[in-house]
Each structure stands twice: as structure tokens, then as C-alpha cells.
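Shared between the two complexes below is chain A, which has chain B as its partner in the first and chain C in the second.
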Partner chain A sequence: MAALTETHHESYAWKSQNNRLGMWLFFISESFLFGGLLVSRFFLWGGTRPDLPQLVPLIITVVLLLSSFYMNRAEVAIAHDDRRTFLRSLLITALLGTIFFLGVLFVEWGFSFNEQGKLVLGNHIHPTDGVYGAVLYGMTGMHALHVLSGVILILILWNLGRKGHFSAKEHFGVEATAIYWHYVDLVWVVFYPALYLIGTPVAHGH
Partner chain B sequence: MSSTVLVMILLPLAVGVGTLLGLLVLTRVMPGDPAMAKKGAAAVAAKAPAVPARGPQYEALTAKRKAGFRTGVMVLGLLGVLTVLEFFAAALGSTILMFLFMLAKGAAILYYFMHVTSVWRTEEAH
Partner chain C sequence: MSIFRLGLVRGLIGGLIGWAFGFALVVGVRLALGLTPQWRPMAPGLAAYEPAVVVAGIFFAIGFMLGAGTMTDWLKWARGIPTPFHHGPRIPGTPEWARYFSVDYSHKVIGVQYGVTGIFLLGVGGILAMIFRLQLAQPELNFVAHDVFNTMISAHGMIMIGSILLGVGAMSNYLVPLMIGASDMAFPRLNAFAYWINLPGAVLLITAMFIGGWNTGWTGYPPLSARAPLGVQYFFLGVFFIGLSSILGSLNIIVTTLRMRAPGMTLFRMPIFVWAAFATAIIQLTATQLIGLSFLMVLVQRILGMGFFDPRGPVWFEVDKWVGGGNPLLFQHLFWFYSHPAVYIFVLPGLGIISELLPVFARKPLFGYKWIAMSSMAIALVGFLVWAHHMFVSGMNNYLRVPFMFSTLLVAVPTGVKFFSWLGTLWGGRIEFKTPLLFSLSAISVFLIGGLTGPPLATVTTDLNLTDTYYVVGHFHATMFGGFVFPFFAALYYWYPKATGRMYSERLGQLHFALMTPAFWVMSLGQVYVGMHGMRRRVATYEEALGIGTGQLLITIAGFVIFISVLIMLYNLAVYARRAPKAAANPWRSRGLEWQIPSPVPEVSFATTPFVVGEPYDYGLPGSRYVQMAPLPAMTGGD
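Up next is the complex of A and B:
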């Protein structure tokens, strides 16, 4: 009986269940970080928001939702031993995540260097433009950092998958990365309306 | 370059990239299951029962996989429709509607993509 219990506790499914619980505890701790940022938005902006172009945020939102779909596709594929679809979907997810990250950095933030080689930020709004700039850059920056880490994790996963790791029975690494990626998507689902849709648009002094 | 830009953007980015590079090194140094590290895919494949390339078992697996893909497409469609509705709710200036659409999108991601129910489901139910 003791041997049976030991075997059960050493099983992949048992370990995965514990790891899964750990992942969700990590998400809860992350929620405090993003929740704090969200509270600062509503506390500092109230019923207003900076008057910003709407097209780019909408496009990058669609890109991120699409990436979540491909991540889910990758997870379903490996759960059914379809390695080709798994690897292809992972690459598409990483590509879409990179497009999102670069979209935030170069289009939304206007990240560039001027003639003197100095870093220039702010197509529409600067980080120093009072509470509007600080909150917008803080929230999008923290989220973009998570997107970047997600893309790196996906690429690590792709590399391992290419070498033959993971199977229909044992793929907790894929599951964990997929849940992380969907969590990043979930955060953006909340941040997008909070930053770009809710509130009366006001001039932000830039 | 102003110190604000340095503190707000470059520092967190540098810390994040540094952490991730560390993670990358860790995956090299500590690849997890020693059997996996030694034998790679062969170790897993040896444990997993082989699924025949034809027959009812294969067809059942294919049907299950296709159903999984179909669910993904449906959830993506739902998220797309809700995003468009959210955008129109913003044009109407209805915060409550926007909030409701946001909640619906979040619930769909949590349930279908993040499999939140797997946290409290027992091993046998998988």
C-alpha cells in the first residue's frame, strides 16, 4: 500500500496537478501587481483618459487575441501527438507576440533615436506628461515586459519541442506556458478598455 | 536621456531581459527530468503507448483533436465579436456595457483557454 502511494505521488499526473496549483498561485500574486496598476489608473485618471488614436491599440488587441488562439492550438496539438501543428502554432504565436511587443514599443510609444542619437519617446504622449503619461507607460510597459517574457518562453518551448520533448501524456511545460500566455492576454483584455476606451477623452498637455 | 525615462523604461526592461536570460541558462543547466535529459524524446515515447496510424483508436484521437481546434476557433470568434461590441460600447459612452463585455471576454479566456477548472478537477477526470 505504501509502495502504491509512493508511486502515485511520483506519477507525472500527480506532479502536474501540484505544479498547476503553483502556477495559479503565481497568477494570483501577479494579479496584485496588475491590479495595483489598474487601481492607480482609476484613482489618477478617474472618469477621464488621454485622447489617443484608437486604431493601433485595436490592431494590437486583435493580434494578441489571435496569438492566444494559436497558443491554444499548439496545446491541443501536443495533447493529441500532432507535433507538426504544435511547432508551427508555437512559431505563429511567438511571431504575433513579437508583433504586439514591437507595436507597443515603436508605434504606440514611438520609440526611436533622434539625429543626436538620443532616445526619443512619445508619438502622442510622453512618460513625463503628468499622470496620463506615467500611468499609460507604466501599464503598457509592465504588460509588454510580460509579453516579451512569454515570447522567450514560447521560443524555449519550440526549441525543446523540435528536439522531441513533450508528448500527449507528458506536456506540463506546454500547458504552463500556454496558461501564462493566456494570462498575459487576459490582463490586456482588462487593460485595453481601461486605458483606451473608458472615460472622457481629454487633452494631455503634449 | 532623462532619468525618468531611464528609471521607468530601461531599468525594468534590463531587469526583465536579465531574468529571462537567467531562465534560459537554467533550462540548459537544469533540463528537468534526468531521464528526459539523457534520452530525450525516446524516454517519453517508450513510456507512452503507441497509437496506431489507422483504425478506430486513431480516428477517435483525430476527431478529439479536431473538436479541440474547433472550440479554439469558436472562442476566437466570440472574443472578436466581443471586442467589436466593446469598441461600439465605447463610442456610445456606456461604461457598464464595456465592463460587461470585458468580463465576458475574461471569462471565456479563463474557462476555455486557461482551463481554470483543471485546478480543482481530480486526476481521474482529466
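Up next is the complex of A and C:
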């Protein structure tokens, strides 16, 4: 068993090319998930949307778009062996991503603790509010889950980068995480108008 | 070697710990927030601990995967520890038998793991079928309680689908790398993960029967599934994890096929089965997300009250500002967007097996190779455009019916291409009637029954009368047996000497064939017959006045004959063949790459890089060659 030979398929560049293809296939697959949610939104809401405050969604959208800039900066930095900028940009991206995530959780969904210390939802819309609540929480929830996993990946990268992993030539992990982050960002670019901008606002209690 | 070192045992222990952790987590969080540990159910009749049980089910899968060791290398990577890949057992020193019960990265081990798990689930689903066929053998029997009957037919459906997906995984994992001359799959760790996630899925699916069962059929339509007993939640979770396996496994197949082919193997020199596996993988990669989504939506509707499919809304829930508006039709659209193409996931690999075996046993070139390859791709593509033919009576907009009728009938064109090619390949061949070929022939005959009973269901006018009758059951079982079960058995017999190095008993193989083929004709045509005489689907009994008692009895007898014949196959492969003589290196005189190497396949499949120098199926053409195993002579300049 010890003398087993490795195959010719061993170079980093060759493997990265496999990984890259696999990654894009994963995005194609994920697009069907997000596409299904989007279809559900149009099937159930049609030409309407719930009448919700606009400011918070707008702010967190800007935050998320901004984070993509820093993610790109991190990737460019490592490609030029600029480790300081790489690490700093990763942290900024993770921070902005976390702000987005907490913004969805605690402002948009409105989780908070009341006087008795009970976790309660904010007042403007609940998951049980018919299709409006269901679709809004379903879409923002599925997206927030992806943001959260992206933040975790970025923090893993930061930790590895701190220990001296990745180089200008070998940084597929960074590339993959960056594209994943842009992808999650792009999904929000489609979700945000579908949830908050398109359609006639419907007020509480019809 | 202690059994506690086996991945399977560790996985189950990890799963149980995960389950307890998940349950305690949810109840603990509620207690910490000063709430009662149990829920106020979101719909009448739901279990008070349902959310905790669901979260526990998710943590069961996570605990299982961590315990089994599927994620060990990834967690190491995340901490910056190098994880070099090497052939051989993952943990050096693991005995050969233990590799099959532990996480292993070799596609040959994983392929066998898929196959054995698939056959195990086939047995579970088969036993369920035998029990409820007894109930249906005579009118107005009370052999099985009716709610148990409902659980059994539902479980039979989904467990068999899981079994088929595992069987497809077995064939594509074992065969694709060998057939294209690759050392392994492109992502061996992901491959192991994709297999192992099936196990918590299967466990949850089987557990679902014992925690209340569910009465929705395999389709799980709301609003019924939104009110069904607790078991439906583990049915959803089980399908969800098996679906995750489909997605990750298919991603691997696509990358492997596109990137790992031996030198000289252009796309149109790939074995036809690889084309079929590739087309299958495209469907699995994309459509599977939609069944996951649709089941997830019912799951959260039940535990969080999110009313995707609830037109009325949870009116007993006083905080609502927006009420209702849900639509059960949305579920059907999302569900069938996967579950119709899923049928092609089940049959395309099997049809590929038929095309793969016929030229070998007819000693003739495959008729219309490119057409066959493209017909698989065409079926995969058209398969995405036909889902609503399951919904002709659902109440969807009537104008959608005719387009879906035409797109459905269009599927017959690429399928017909395959039939003509099979006939063209057999025509004038010197056919060797060995067991794998016999099963291919039964597959063709049975798939023809399935194919010909299809158009009356695709046509709106006739479907309105036939829908939800046993006619559908007969049609569906004929396509599944013709498209998957018979070809899968053919593949098992054909590649058994490859995987084990031993030859099974040809006599027992032919006995299996002689029992199973006519029995299946009786069963399938019998189902079509009783369906046309008014037997409804999914009912636990029927009246004598329908006059179908004899038909039902024949179906039950035929079902038992099939069951016994499969037991003969298991005896043949698992018991008889162990002391059988060693098989010849290439008993079928195949030209395939996988037959040019020793059997069983050594740890490193190809000692030297194989070169593809010709067309794959030019049997009987003088001077033709497919592969050259020794290196080609070095090119000299100025040639």
C-alpha cells in the first residue's frame, strides 16, 4: 500500500481549475433554490407587497454592497502578496456582513427582549402574518443563513491568512470565498427589490 | 479491531448525541426565556414537542456526519492543518472489510457502499409492499389498519425513491471514473460526504414510520401534510438529506466527466453510460433544490406558522395583521419541478446501461451512438418543461394544460430514439443470451409497457379519467422497473465479476430472470387493468362489486414472485458467488476501459495512463481499437 503512486493530476493549478468548475456548479444549483423562493414570492404576492418601513432595508443593502468591495480588495491584495491589506479587508468584510446579518435579525425582524426577559419579535411583521410574513421571513431567512455562512468562511480565511497560509500563486480558498460572497450579494440585489420595492404596498389588516 | 472504530457505529453514536443535544437545546432555550417547554401547536393536532423533534432531527444528521468522520479533513483544513490525499484507507491500517463500514475516499468503496445501502432500502420498501399487497389481495380485507396502510404506502414510495437514488449513485460512482480512465472522482472527500449524508436521511425516513407515520403519500401535498402526524416531519428531513446527497454527488460527477477523462477520450468517445450519468447529474444538480425547498416550506409552516400554503391562515393565532393568502398549488409546482425530472434521474442511467450492454452481447457496434448520447441530453432538457402534467386536475389555470400536454408528448421522441437504437443494435447480431443481456431485454420490454401507457396520461382528455387510479400506478412501476430496476440488476450481474473477481451462477441468474420478467408483466398490466376498472390509488381496500378481485390477487401473487426472485439474486451474489470460481479477467470480451485492468480493481485503478485511440463500440469491425493501455510511442518531430 505504501508504494502507491500519485497520478498526474496533482498540480495546484489543475486542482483549482476543478474546484472552480465545482464552485460554479454549486452556484447554479443554489440559483434554483433562490429562484424557487423568488417564484414563490411572485406566485403568492403577485403585484403587491407588505407596507413596511424602507429605511433599514436600504441601509443594510448599502452595507452589503459595500462589503463586496472590501472582499474584492482582499482578493486583489493576496494576489499581490499584500498580506496586511488582505487581512484588514477580510475583517472589514466580515464586520459589514455581520452588520447586515444583525440588521436583518434585530432590526428588520425586530428580535428583542421584553421586560420579562422574553425573546419577542418586533411589531411590524411576523412569520405568522399570512403569506406576507411567510415569504418575507422565508426569503430574508434563507439569505441571512448564507450571509452567516459567508462570514464564518471569511473568518476562517482571516485566521488562516494570519498564520501565513495563502500566497499570490496559491489562494483558491480566497477566490472561492470571494465569489461566494459576491454571489450572496447578488442574490440580495434581486431579493431586495422583490421584497421591498416592487408591487403595490398593502397595509396592515388589508 | 473494535467496532467503535467503524465510521458507521461512530456516526450512529454521534447522531444520537446530536439528537439529544438538538432536543435539549430547543427546550432549554424555551425554559431560559421563561416559556413552557412545550409548544402551542401551529395547527390543531400537531405534537406539542414538534419543533424540538425537528431541530433534534437536523442535529442528528450533523452529529452523524461529525461522528462518522466525513468532515474531519475539512475541519482540519479550516484550522490550517494539511490534509494530503493518498490512496488506500483513510486511516492507515484499517482492514479491508472495515473500509466499507467507515468513511473512505476511494470511489470503488463508495460505489459499493451506495449499492449495498440501496439494495438494503430496496428490501425495506419491498417488504412494505408485500405487506400492503396482502391487504389488497382480496376485497374488503382488514389485514392492515387503514392508517398504518397509509403510512406504509407513503413510506414504500419514498424509501424506494431513496433506494433508486442510491442505486444510481452506486452505478455512477463506481463506473464513471473507471470508464473514463480517471484515478478517482474529482472531489473524493465530497464524494464520501455525499454518500454518508444518505444514512441519516434513511434513518430519519424509517424512523418517521414509528413516530406517528404520515398519511400523505410520497408526494406530501399540503394542506394534508400540514396537518399530518409527526412522522411527516422526519419524512421531509429524510428527503432533504438524501436530496443534499444528490446535489453534491452530481456536482462531482459533472466535474469528473468534464475534467478527468483519459487522453484521447473526446466527449463523443465516452462510453454511453457516462453520457447518461452526465445528463442525470445535470437534472440532479438543479432540480433537487426545488423539492428540498417545497418540503422545507411545509416544515416551517408546521412549526413556525408561516402560511405559504395556507389560504385561511392560522386564525387561532391572534397576533396576525396580514391573514392567509397561501396557495397549495405553489407546493405542487415546486414539488413537481423536481419530482417529474426526478423520473429521468431514475431512468436515464438505466437506459444508459441497456445501451452499454447490448453492443457487448450482440457483438455489433452501438446503433446511432451520437443520437443516443444526445437523446439522454434531450430527455434531461425536455424533462424540465413538463412538470404540470401531474396537475391537470389540480385546479391550475386551464390554459396551461395544453402546452404541458404537448411538451410531455415530446419526451416520446428522444425516448423513441433509444428504442430504435436498441433494436438496430440487436438486429443481425450474434447475440449471447447471458444474464445481463436477458435483463436488458426484459428492461426494454417493461419500459415499452411503461412508455406506451404514458401518452394516455399525458393527454388531458384521457388523463382526467385515469388520474389517481391504478392505471397511473401500473404506468409508473413499469417505467421504474424498465428504466431502473431491470437495468440495475443487469448492471449488478455484468459488473459483479469486475468488482469482486468472482463469477456468479449463470443458472441462478437465468432463474431470476425467468421468474421476475413474466411476474412483472402480470403485475404491471394487472395494475393498468384494475385501474381502468375503477381501482383508485392510495385506498386501503375496495368493494367486491368492482369485479377486480381476481386481478388484485394476481398482482399480489406476481409481487411475491418478484420478491422471491430478488432473494434468489441476493443468494446468488452474496452467498453462492463467494465460493464460485474466479472470473476471467474480461468475461464479456468488453472493450470498455474498466475491463482492461485486473478484477477486482486494484487500489490504483490504472497502473499506467490509458490512451483512447478509437470509437467505443466498434465491436466486430476489423482493425478497430478503443484503448491502448501501454503508453503511446513518443511523438517524433517532423512526422
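Here are a few things to note about the model shown:
We take it that the second predicted complex is superposed on the first by the 192 of 206 C-alpha atoms of A that agree within 3 Å, B and C clash if a C-alpha of one lies under 4 Å from a C-alpha of the other, contacts with A are read in each partner's own complex, and residues count from 1 in each chain.
Here is the rule we go by: a residue touches a chain if its C-beta (ideal position, glycine included) is under 8 Å from a C-beta of that chain, and two chains touch if they have at least 3 such contacts.
Model, not experiment: these values are computed from the prediction.
Of the two partner chains placed around the shared chain by superposition, chain C is the only one that A:Ile28 touches, whereas chain B remains out of contact.
Contact with chain B, but none with chain C, is seen for A:Leu197 once the two complexes are overlaid on the shared chain. Within the superposed three-chain model, A:Leu65 lies in touch with chain B and out of touch with chain C [touch as defined at top].
In the superposition on chain A, A:Phe166 contacts chain B only, with no contact to chain C. Contacts of A:Asn18 after superposition on the shared chain: chain C is touched, whereas chain B is not.
In the superposition on chain A, contact of A:Tyr137 is made with both chain B and chain C. Residues common to the contacts of chain A with chain B and with chain C across the two structures: 17, 21, 118-119, 127-128, 134, 137-138, 156, 160, 163, 165. Those residues of chain A that touch chain B in the complex are listed here as 13-14, 17, 20-21, 24, 54, 58, 61-62, 65-66, 68-69, 71-73, 76-77, 79-82, 118-119, 121, 127-128, 134, 137-138, 141-142, 145, 148-149, 152-153, 156, 160, 163-170, 173, 175, 178-179, 182-183, 185-186, 189-190, 193, 196-198. Within the complex formed with chain A, the residues of chain B that make contact are 1-2, 4-5, 8-9, 12-13, 16-17, 19-20, 23-24, 27, 32, 36, 40-42, 44-45, 47-48, 51, 61-62, 64-65, 68-69, 72-73, 75-76, 79-80, 83, 86-87, 89-90, 95, 98-99, 101-102, 105-106, 109-110, 112-116, 118-119, 123, 126. Residues 33-35, 42, 78-80, 86-88, 92, 183, 186-187, 190, 247, 251-252, 254-255, 258-260, 285-290, 292-294, 297, 300-301, 304-308, 313-314, 317, 319-327, 330, 333-334, 337, 603-604, 609 of chain C touch chain A in their complex. Listing the residues of chain A that touch chain C in their complex gives 1, 4-5, 7-9, 17-18, 21-22, 25-26, 28-30, 32-33, 36-37, 39-40, 43-44, 50, 116-119, 125-135, 137-138, 156, 159-160, 163, 165, 202, 204-206.
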